[in-house]
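The following block contains the structure, expressed as structure tokens.
A, B and C label the chains in the order they appear, each numbered from 1.
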Amino acid sequence: MKSHTEYLFFNTTKRREFINITPKVEELVRESGIKEGLCLVNAMHITASVFINDDERGLHHDFEIWLEKFVPHEPVSNYRHNLTGEDNADAHLKRTIMGREIVVAITEGKLDFGPWEQIFYGEFDGRRRKRVLVKIIGE
Amino acid sequence: MKSHTEYLFFNTTKRREFINITPKVEELVRESGIKEGLCLVNAMHITASVFINDDERGLHHDFEIWLEKFVPHEPVSNYRHNLTGEDNADAHLKRTIMGREIVVAITEGKLDFGPWEQIFYGEFDGRRRKRVLVKIIGE
Amino acid sequence: MKSHTEYLFFNTTKRREFINITPKVEELVRESGIKEGLCLVNAMHITASVFINDDERGLHHDFEIWLEKFVPHEPVSNYRHNLTGEDNADAHLKRTIMGREIVVAITEGKLDFGPWEQIFYGEFDGRRRKRVLVKIIGE
């Protein structure tokens, strides 16, 4: 069994942001030389997400509106977590809906994806340096 | 390390539908000959889900009502994604709640499940040919 | 490839409860002797969750309030599943939001975590003996 570990870094400029990281993950799969296996991609922060969906700007807008409706950022005093001095309780909850991680099959040396699957980093409490882990195992 | 890759195909007849795919996955685990490892099962479409829950018709009805309440299909004009000509923005969001994939342990040649765990394909924009990936790795 | 399988048992005393199981999972990773690989941790019950987030009491309170708002336990007659004689339909839905499982990378013999990542068992229909599966594969 072979394994390959890499960390992707981001400097997000907005509080909330979706970044397509598919090309970076594809590159790491190539580098790994692994032909058959599994690829884990996860946020290393608990107010961020890695998820798979469509790279369509209107849909990302819909995600933003929908997440804000069910877990509003304001008033920050609505969340007990924010008594710690943070204002990001909503970000912890939003990331829970969107998911921490994805696991993708690697088949014949490539991410084994359906036609529209794209990997996104979802930031819900940005404006800081953030990190994503990519772990590939297989042969 | 051994690996085994299979694709399950469905022709769903309704827009929304839950299909129990546990027997098919169990069969693939047997075929693989893998005794200890991991089994990834994921939707290859971004408006569908693979999830684990109870095979109880009343519960599936509750899922349907609950998902429709928080992410209504109508009015389709409520979603910016639908400006692309699609009417399935809600399906992208519903699948996000239900999850894209599951990872199950294989122990002594079998899916290592609790007593009620069953694997479902969840369709939220059906009436087309759809695909699920099963990837098994181990020894 | 090596593999290591363990089951964690709990006797939860309340209907809903979050239990930090990170130290137990870390111990199992050490015991396994696996240096590079993947660690799957999943609930074996369909009304419970394993998830990763912050070990902060205020945030856990926010999760509780938020889950109860979107999937209220009462009135139990609101859920068709409860016609089976159960009163836990809400627990099935709450666990769906929180997720069944996590997959964590193992790097240099340790859970490869960001600074705040902690693993929780989330109980939504407790007061019974419950089980979590930990499966570690790698080399």
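FYI, a contact is a pair of C-beta atoms (placed from the backbone, for glycine too) under 8 Å apart; a residue touches a chain by one contact, two chains touch by 3 or more.
Every value quoted in this text rests on a predicted model; they were computed, and no experiment measured them.
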Interface numbering overlap (same over half, different under half) for chain A and chain B: different
Tell me the angle, as a multiple of 5 degrees, of the rotation that maps chain B onto chain C over the C-alpha atoms. 120
Averaged-CA centre spacing for the pair chain B and chain A, given as whole angstrom: 20
Enumerate the residues of chain A that touch no fewer than two other chains. 1, 38, 70, 97, 99, 103, 137
Under the definition above, what is the set of chain C residues touching chain A in their complex? 1, 36-38, 51-54, 56, 58-59, 61-63, 66, 70, 97-99, 102-105, 107, 112-114, 116-117, 137-139
Within their complex, state which residues of chain C touch chain B. 1, 3, 5, 38, 40, 42-46, 70-71, 79-84, 89, 92-93, 96-97, 99-101, 103, 131, 133, 135, 137
